[in-house]
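One structure coming up, written as structure tokens, with questions to follow.
So that you can tell them apart, the chains are marked A, B and C in the order they are listed, and the count of residues begins at 1 in each.
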Amino acid sequence: MQARSMFGILVMAMFVASAAPDAALAQQKKLVLWTHWDQNPEFNKWYAMKGQEFAKKTGYEVEVVTVPYQGYEAKYLAALMAKNGAPDMFMGMTHQWCGQYDFCDKMPADLAKMYDDNLPKYMADIGKWKGVRYGIPIEHGNFQQMYINVDMFRKAGLNPDQPPMKFTGDWIADMKKLTIADPKGGEPAQVGFAIRSKGAPVGITDKFLPFAHAFGARMLSPDLSKATGYANSPEMVAALTFFGDLVNKDKVASLSFGNPEDAFGQKRAAVIFRESWFYGWVKKNAPDVNFKVYALPCEKTCPGAGALFPWTDLVYKNSPNKQVAWEFMRFISNAKDDMEHHQLQGILPVWTANLESDYVKSRPDYQSTKAMLAQPVPPTYFHPKSNELATAFGEAVVGVLFGKGQPKALLDEAAAKMDRILKD
Amino acid sequence: MHEWYRLVFPKNHLDRRKRAGFLFVLPALLFFGFVYLLPLGQSIMYSFYKIVPGGAREFVGLGRYEKVLTDDTFWAAVGNTVQLVFLSVPVTVVCALAVALGLNRIANLKWRNVWASMYFLPFATSLVAAALVWQWIYEPVYGVLNYALSYLGIPPQRWLQSLTQVKPSIAVVSVWVRIGFDTMIFLAALQAIPEEYYEAARMDGANAWQRLRYVTLPMLNAQIIMVCILELIFNFKVFDQVYATTQGGPGGASQTIIMLLYDTAFKYFRFGDASVMAVFVFVTLMVITLLQWRYLRKPIEY
Amino acid sequence: MSSIAPSTVPVRDVGLTLKQAHWRWMLTLAVACGALFVFFPFFWMAVTSLKTAPEIQRVPLQIAPDHWFNLGNYIEVFKRQPFLRFLLNSTLVASVAAVSSVVVSSLAGFGFAKYHFPGRNVLFLAIVGILMVPFQSVVVPLYVWMNDLGLLDTYAGIVAPDLVSVFGVFLMRQAIEMIPNDYIDAARMDGGSDLRIFFSVILPSVKPAIATLLIIKFMWSWNEFFWPMVITTSPEMKVVTIGLMSFTNMYFIEYNLLTAAAVLSILPILLIFVLLQRWVVQAVVMSGLK
């Protein structure tokens, strides 16, 4: 009867289920690299490609495992804690995996020196924790730049070749000109600035920081030990007031426009601050948008090339193959490979030597990148608790945007919370 | 203790019967124990530790409990979760019941299967994919919901991006996902109610409403309890839909307990605190389930 | 009225009054409307999967795609990921989970429903309690435990937490409780052992519940994302949900590919559902005529 046959099926299925994939084949020696950069498949494949060459020298191939971004922290943590099944190399933020946890192997001194000599000045600290280098920065263009819609600028009577340079000066004036309000008082048909107002507070903090830095504020003290006095400094209050007014007073940005990328792509917003990957997105999803890239406007100072999420390649401390892993890192640590690697995916290379190459010069963001790199290095917040701190701070920003409170009050609250987090 | 001894060494026929019952339950117990006991124990253990930078663990007794249970963010998340539960669970159960009753009445079997399959389809999709599609439907500017509403003259709403509308919007997604599941359970149970009961009621002059109240609902009592308990548990633990769409926004209005738990464990690296939250969830759900079980259960008279 | 017409229907019920027919029609309409409403997001998903990325971004909204048979997204899905392998993996894992759940849950359901042994309620509560534990807090220790057992990146590892369903135990208990004790006592009189009774009396009587559990557990397991994502690393072992998520990343969501992949992942389930639905109907009809 069916019950018995079900039992039979069950037994058989369990038998099949316990089979591991290709376990019978002789194991090829390999290094395993984990990354969660789903959106850059060519970049990820390149490691395996180089691994083929590397195998000729050392017998070790490189296998790249792409982990979904959603939930990657849990997967990394589980594997790194269990040791078995953990990768030899992985892509993550140094201050988290090497600072909060102790999963990273120190980079050999010679390799570390090579990077110190060859990275642009604003990337000098990326990959380092407490002065020691653990990781190799892999993303160069992850600081925001200003994208403008050329056609919308022209229509508003503005010159797209002369971008606004000061937030409280020509920038806000231009935004107002680019906004087409609704005569009936509803949502505007078109806004000047595509603002990020949805999603996790960390992301919102990330998008607000250029404003904060431009106004001369910083989220934490230089030694990253205190928030009060910094996160709620008068400069920060001024920055957040300006930011909130974009939505609430000047009405050059709207909370009803959903994703800022979509708003820009649909020509409902004329200006967006986004990183260098964005122009690839625009080309693919909104090919009819005519855009130009410029450096961010300044205020008291210039925002500079800052990033909250510095992605680096790291080597697992407990990997049995860590010596070979560093060998592989050495193998690909040269200007030529750096160039090839990043050009394949259409992202900016990391080595200073490559920043004047033909490839970089041909990119639409070449001039703007140069301009931003020439600005002073903005504050960085590479602290193990950066996620939590940025979330607490982001709640104040969101509160102001949604009219839940006044900037000073919300910032005071956020600063107190951040201090509590730091002390815990 | 004496009873357990008798279970292993049965003295008489009755004891043997009891042991048989226990043996039937044993595979399930063994499985759960094997897979979950160790991890559960460790997870509870974590709630008494604090992870310091560097990765080391430090025993702090009830310190983490004190910290978490006095944290405003935590209670805000609890509040959000409770609101979502109140928005989702009654609607789901009542609608599922109504739909099951309606489906049961449909004489044409082919059509009944067609409609039933449609209700069940949301359950067939990955929660994350469904949430993303709904997010897009809810999109203020180019989402189809506002598009449809514009034909009725209603101005575009912000839905997932509004402080006030975000929770009902998420509740709709939750109901949409779960309704088929409950409808199926109710439908299967409805079809097992013997026709004679309805006959007897009809003979007594009961109308449709009375038949519903005095025959159908009592017969479904066990299923209603089960569905209520399960819906409460699942909606209390809501995570995927919210994580994929609003990520707790805007401004923390949709941050649920499990979302906070996930962030605390994996983004803030405070494993001990996350375990405290897990214990809280467990205890709360256990208490509520026990109450539901106790007070809503009515014996079935044959 | 049930669809099975017993021969003992009194004459006065054969002809429906106008009012009754009116209500019946309204009810059917309501159910049908509800079904269409519930179905709408799928329609939307299917339509979107036929659009290109720029089409999706277009404002004002356009319901129909530019080309109705634009299968470009589907081709791209298979190009980017070994999606067929994912479908296979999901099918295997979900099938094992479903069958195993039915077997163990019906055994346990029987034990809880018809036997009174010491600790019965406590044990039942303990099992239901598993559902109350947030999986996210257990995932890391569970992973370490699976690692100790050597089950990382294996089918057994993926399916392990899914082999028994708490819901299944619940459902089976309810269903078996409904079986009149006389049937069981009669079988016992005939000298049947408990196991015999299980196979000959209990299982046949709860066919609708078994079918329900099979379908539900299959779907549930099919749509699992978090655990399979944590436990698998090789591309050959990944399941459909992981494949779906590869079309989202930290910056943006590729709706055109995501919806195409989502449609692909629903088709097998639809198939199973259609097949099993027939069996459910058959089972119910047969039990109704008992």
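Some points to look at:
Simple rule for what comes next: contacts are C-beta pairs under 8 Å (C-beta built on N, C-alpha and C of every residue); 3 or more make two chains touch, one makes a residue touch a chain.
Note that the coordinates shown come from a computational prediction; the quantities given were computed from them, not determined experimentally.
Chains B-C form the pair with the most C-beta pairs in contact. Chain centres were defined as the mean of their Cα atoms; on that basis the chain farthest from chain B turns out to be A.
Centroid to centroid, with C-alpha atoms defining each point, chain B and chain C lie 15 Å apart.
Chain A and chain C have Cα centroids separated by 38 Å. Put simply, the C-alpha centre of chain A and that of chain B have 36 angstrom between them. Contacts with at least two other chains are made by residues 128, 141-142, 262, 265-266 of chain B. Among the residues of chain A, those touching two or more other chains are numbered 70-71, 74, 77, 262, 266, 268. Multi-chain contact residues, meaning those touching two or more other chains, occur in chain C at positions 57-59, 136, 140, 144, 225, 245, 248. Against chain C, the residues of chain A that register as touching in their complex are 1-4, 6-7, 9-10, 13-14, 16-22, 32, 34, 36-39, 41, 65-71, 74-75, 77-79, 81-85, 261-262, 265-266, 268, 277, 281, 284-288.
Considering their complex, residues 53-55, 67, 128, 139-142, 155-156, 158, 160-161, 163, 243-244, 246-252, 262-263, 265-270 of chain B touch chain A.
Those residues of chain A that touch chain B in the shared complex are 70-71, 73-74, 77, 96, 99-103, 186-187, 197-202, 255-258, 262-263, 266, 268, 384-385, 387-388, 391, 395, 398-399, 402, 404, 424.
Listing the residues of chain C that touch chain B in their complex gives 1-4, 6, 8, 13, 23-24, 27-28, 30-32, 34-36, 38-39, 41-42, 44-45, 48, 57-61, 63, 104-105, 107-108, 110-112, 114-120, 123, 125-134, 136-138, 140-142, 144-145, 160-161, 163-164, 167, 169-171, 174, 177-178, 180, 194, 198, 208-209, 212, 215-216, 219, 222-223, 225, 240-241, 244-245, 248, 253, 255, 258-259, 261-262, 265-266, 269-270, 273-274, 277, 280-281, 284, 287-288.
Of all the residues in chain B, the ones that touch chain C in their complex are 3-4, 7, 17-29, 31-32, 35-36, 38-40, 42-43, 46, 95, 99, 102-107, 109, 112-130, 132-134, 136-137, 141-144, 147, 176, 179-181, 184-185, 188-189, 191-192, 195, 199, 202, 208, 222-223, 226, 229-230, 233, 237, 239-240, 258, 261-262, 265-266, 271, 274-275, 277-278, 281-282, 285-286, 289-290, 300, 302.
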